[in-house]
Amino acid sequence: MKIPDIQNQSDSRNIVIDKVGVKGLRYPIVVEDRINKTQHTVAELDIYVELPHYLRGTHMSRFVEILHHYHQEALIGNLENFLNELKDSLQAEAAYININFPYFISKKAPISHISSILSYDCEFSASLKEEYDLLIGVRVPVTSLCPCSKEISAEGAHNQRSIISIKARYQEFVWLEELIEIAESSASCEIYSLLKRVDEKYVTEKAYNNPKFVEDIVREVTLKLEQDDRITGFLVESENAESIHSHNAYALISRLHK
Amino acid sequence: MKIPDIQNQSDSRNIVIDKVGVKGLRYPIVVEDRINKTQHTVAELDIYVELPHYLRGTHMSRFVEILHHYHQEALIGNLENFLNELKDSLQAEAAYININFPYFISKKAPISHISSILSYDCEFSASLKEEYDLLIGVRVPVTSLCPCSKEISAEGAHNQRSIISIKARYQEFVWLEELIEIAESSASCEIYSLLKRVDEKYVTEKAYNNPKFVEDIVREVTLKLEQDDRITGFLVESENAESIHSHNAYALISRLHK
Amino acid sequence: MKIPDIQNQSDSRNIVIDKVGVKGLRYPIVVEDRINKTQHTVAELDIYVELPHYLRGTHMSRFVEILHHYHQEALIGNLENFLNELKDSLQAEAAYININFPYFISKKAPISHISSILSYDCEFSASLKEEYDLLIGVRVPVTSLCPCSKEISAEGAHNQRSIISIKARYQEFVWLEELIEIAESSASCEIYSLLKRVDEKYVTEKAYNNPKFVEDIVREVTLKLEQDDRITGFLVESENAESIHSHNAYALISRLHK
Amino acid sequence: MKIPDIQNQSDSRNIVIDKVGVKGLRYPIVVEDRINKTQHTVAELDIYVELPHYLRGTHMSRFVEILHHYHQEALIGNLENFLNELKDSLQAEAAYININFPYFISKKAPISHISSILSYDCEFSASLKEEYDLLIGVRVPVTSLCPCSKEISAEGAHNQRSIISIKARYQEFVWLEELIEIAESSASCEIYSLLKRVDEKYVTEKAYNNPKFVEDIVREVTLKLEQDDRITGFLVESENAESIHSHNAYALISRLHK
């Protein structure tokens, strides 16, 4: 039986489609881990190509088929090959993949030194047009404590959970763990899943002695990223879930298009 | 043209369906407002009936049709009539409606007395089986400050945004505003959209002088609800977005089925 | 009592912050309605300014204070004034506001002509740097039916709910309703909250006779927007919740930066 | 240094707290896999205890500490031991854990037999009061095709992605895969991540020849669960993302408390 290939029809509307493909595909992956070599996790994938003006449709089954060519353990180390194969298979001028996943790190509490595991939402975002481009990203939960509230109040200071996001482009390899450390060291205090009372005393006092506005956080991250010669572009955001409001405080610095 | 009525076919599987209907229908509504008499807002509706064992399907278009009989301003005041009409139209033994909506209240900052608007997610949940039953619900953002962190630390105390949820059944009318006040007065401090520096000093110090565990919050709400003779059943939750963790602290007390 | 102004401290890090402000502020608004003149709805607001390198922080309370200067009914018609006031008050080179809200339109079913209300997520996104810029946006639920599935199958064709998103910049006023009509007329069939059986027959057959790939949808919207002289830039997306997969099909065409 | 234990203070309000603990804790886990023996995935955990009336607070750090006693590979096989240790450590009358995680199954396309991976949101929900109780749950994406739309239309029929949810209590071991098969066999057609054209023809025609209302789906699942002697209680839901509406169709049958 011959089954017609409708997607392969020619298209006379003469319109290139910037991105077309699959979105929200969940897939188990293995990522490199600075301590344990590898880590199993679960990703959500968006995979797109640019569609030439003369084709009516792309072949979405090939996106998933090519993905399965890369055994789940090999995908992350072969993103450029994956995008190349996608471009060739689909006669595309450009190909894109976004990979979002939780990444787990074992941390020791600051005083008791008891270990616990904290998760960070991370991202690889790769594209291949004339050149290959890769952005890596982390979203890091931290504590922020308000300098104004501390200064004007007789006692105490409002503080809250904040999320610091960093996306970075590099010319020499950078670990996700390194971006996470940059974020954590730029907040009022870092966060742990397990804190005994001696640790809770420590993080409370550390945050109180280390107040940061949302503006301070993104500027401190920026200073650190600018001083790292491996990093060639970045975007920093901080979003603070203000404990005294029901809206958030937010700041963004972009050095992606320098 | 005669169009067949498939839903109306008889069903031999002999299984009552507890709830069947429409979910996630967005609809503009008008609700009663203690200060301004009425308030326009936007609701998400779930509407269900119990389906008798002898019918293959319900008629979902009638759910929306009957909803439109109740001009948007009249729905909330006529929930029992609405459910009665639904039961009759669909040969149902029971009918249900959940109405979720943001509700806005103008609040004055504690010292500067500048007004601003805060939103609260509210809910009406009505059912009609042999008897009519109505639960009203509020979700109230507040500040909680940790008593342990305060006690053990030289200075400061971790605090965070928390959401206190109350669902209540009453025998005499209770305003949403009354449940909101019960929640706000049971936290370390209430929340405002607009705070000048004098106000920020006040709320910081008030929270510091009024530390509450998640357990304290649900117990204080419980005491107040038990002392109100109009209220015949309730469920209280508090979820605190811990500023020192990336998970939440949570507590629940249910007195719905007493 | 003199309360220190910490935000107003000078900053020596010499880093401009691209955007800083409040995010996720909920606020009741009134928008223009082509049929009913005005419509009450509920918005979520993000409001930012650019922070000069010499200031440590912005004054977030002023964002909400200036918002309240604009009585809720006047905000949408005065976005440029609002941004100007914000820039002046905060010594900023740029100011931004995003306003996201559900917008309701009463629609008549295609054959029975019974009216019902459908909601569309809409957006105003305004910025003021040297010049004022406004993007308006709509997210439109529609039905898409797969041309390939129809062609290769003996009977039937898979179809699904899709969301077509349009953001547009204009030089002459364009109604949200006009963008919605462009989206609905580019799908396999438009969507209604209430359909009687005669209507369900109509929309089923219309979609079957009008198959569209996700690629067809964004190209047809593009053709219509390019033919409208009032529109000077746009971005179109379609995301189809494929009924035969658990991931989505997605396409994007951007003509924003031409 | 002696650090005071505030949570351990006695409480005079005389109110038992039904549930108190941690919510939204992300944690890597290993689950049993019928084909591959084990599978690495990522869970979100809620862990609660009942708090006696005489204690002011629970010790939340112990929840995470006890969790870490169970090496990640052993947790799922030791839920009753975990809850017992939690009860003892926290002087609690009851303990609870909910574990939500994506679970991946490799499936062969129906005609081409090409393999691809599909993810299912699964759940273990365990409690220990006087007795140990375990519910296992699956959320299964499927295709549903409307019998009414098919019957009344000259050609075609609206269809959509639906989610069938099953929670079940058993007296003899039941695999997640078995509940998933019950759900998939009760829909118009099952779903795959990868379908070649021959497969797309097959699933389109299979769904068209197998129309199901949301009511049919929950009744067929119910019949199958009632016929399985291992299963002693269950709850079934189906939610269909109607392609002709922007709200969903929903049905629920509960046999949990029989």
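A, B, C and D label the chains in the order they appear, each numbered from 1.
The rule we apply is simple: a contact is a pair of C-beta atoms (placed from the backbone, for glycine too) under 8 Å apart; a residue touches a chain by one contact, two chains touch by 3 or more.
Note that the coordinates shown come from a computational prediction; the quantities given were computed from them, not determined experimentally.
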Quiz item: Stepping chain to touching chain, what's the minimum from subunit A to subunit D?
Solution: 1
Quiz item: What's the overlap between the neighbours of subunit B and those of subunit C?
Solution: A, D
Quiz item: Where the centre means the average of the CA atoms, what chain is farthest from subunit D?
Solution: C
Quiz prompt | Between subunit A and subunit B, centroid-to-centroid distance (C-alpha), Å | solution = 34
Exercise. Please compute the C-alpha centroid of subunit A, do the same for subunit C, then give the distance between them in whole Å.
Key: 25
Practice problem: For subunit B, write out the residues touching at least two other chains, lowest number first. | Solution: 3, 25-26, 119, 148, 152, 193, 195, 197, 201, 245-247
Quiz prompt | Contact footprint of subunit B on subunit C as seen in their complex | solution = 3, 5, 25-28, 39-42, 61, 64-65, 68, 102, 104, 114-117, 119, 193-198, 201
Quiz item: Which residues of subunit C touch subunit D in the complex?
Solution: 118-119, 141, 143, 145, 148-150, 152-161, 189, 191-193, 195, 197, 200-201, 203-205, 207-209, 241-247
Quiz item: Tell me, which parts of subunit C touch subunit A in their complex?
Solution: 3-4, 6-7, 11, 13, 15-26, 46, 48, 51, 56-58, 60, 147-148, 151-152, 213-216, 218-220, 222-223, 239, 245-254
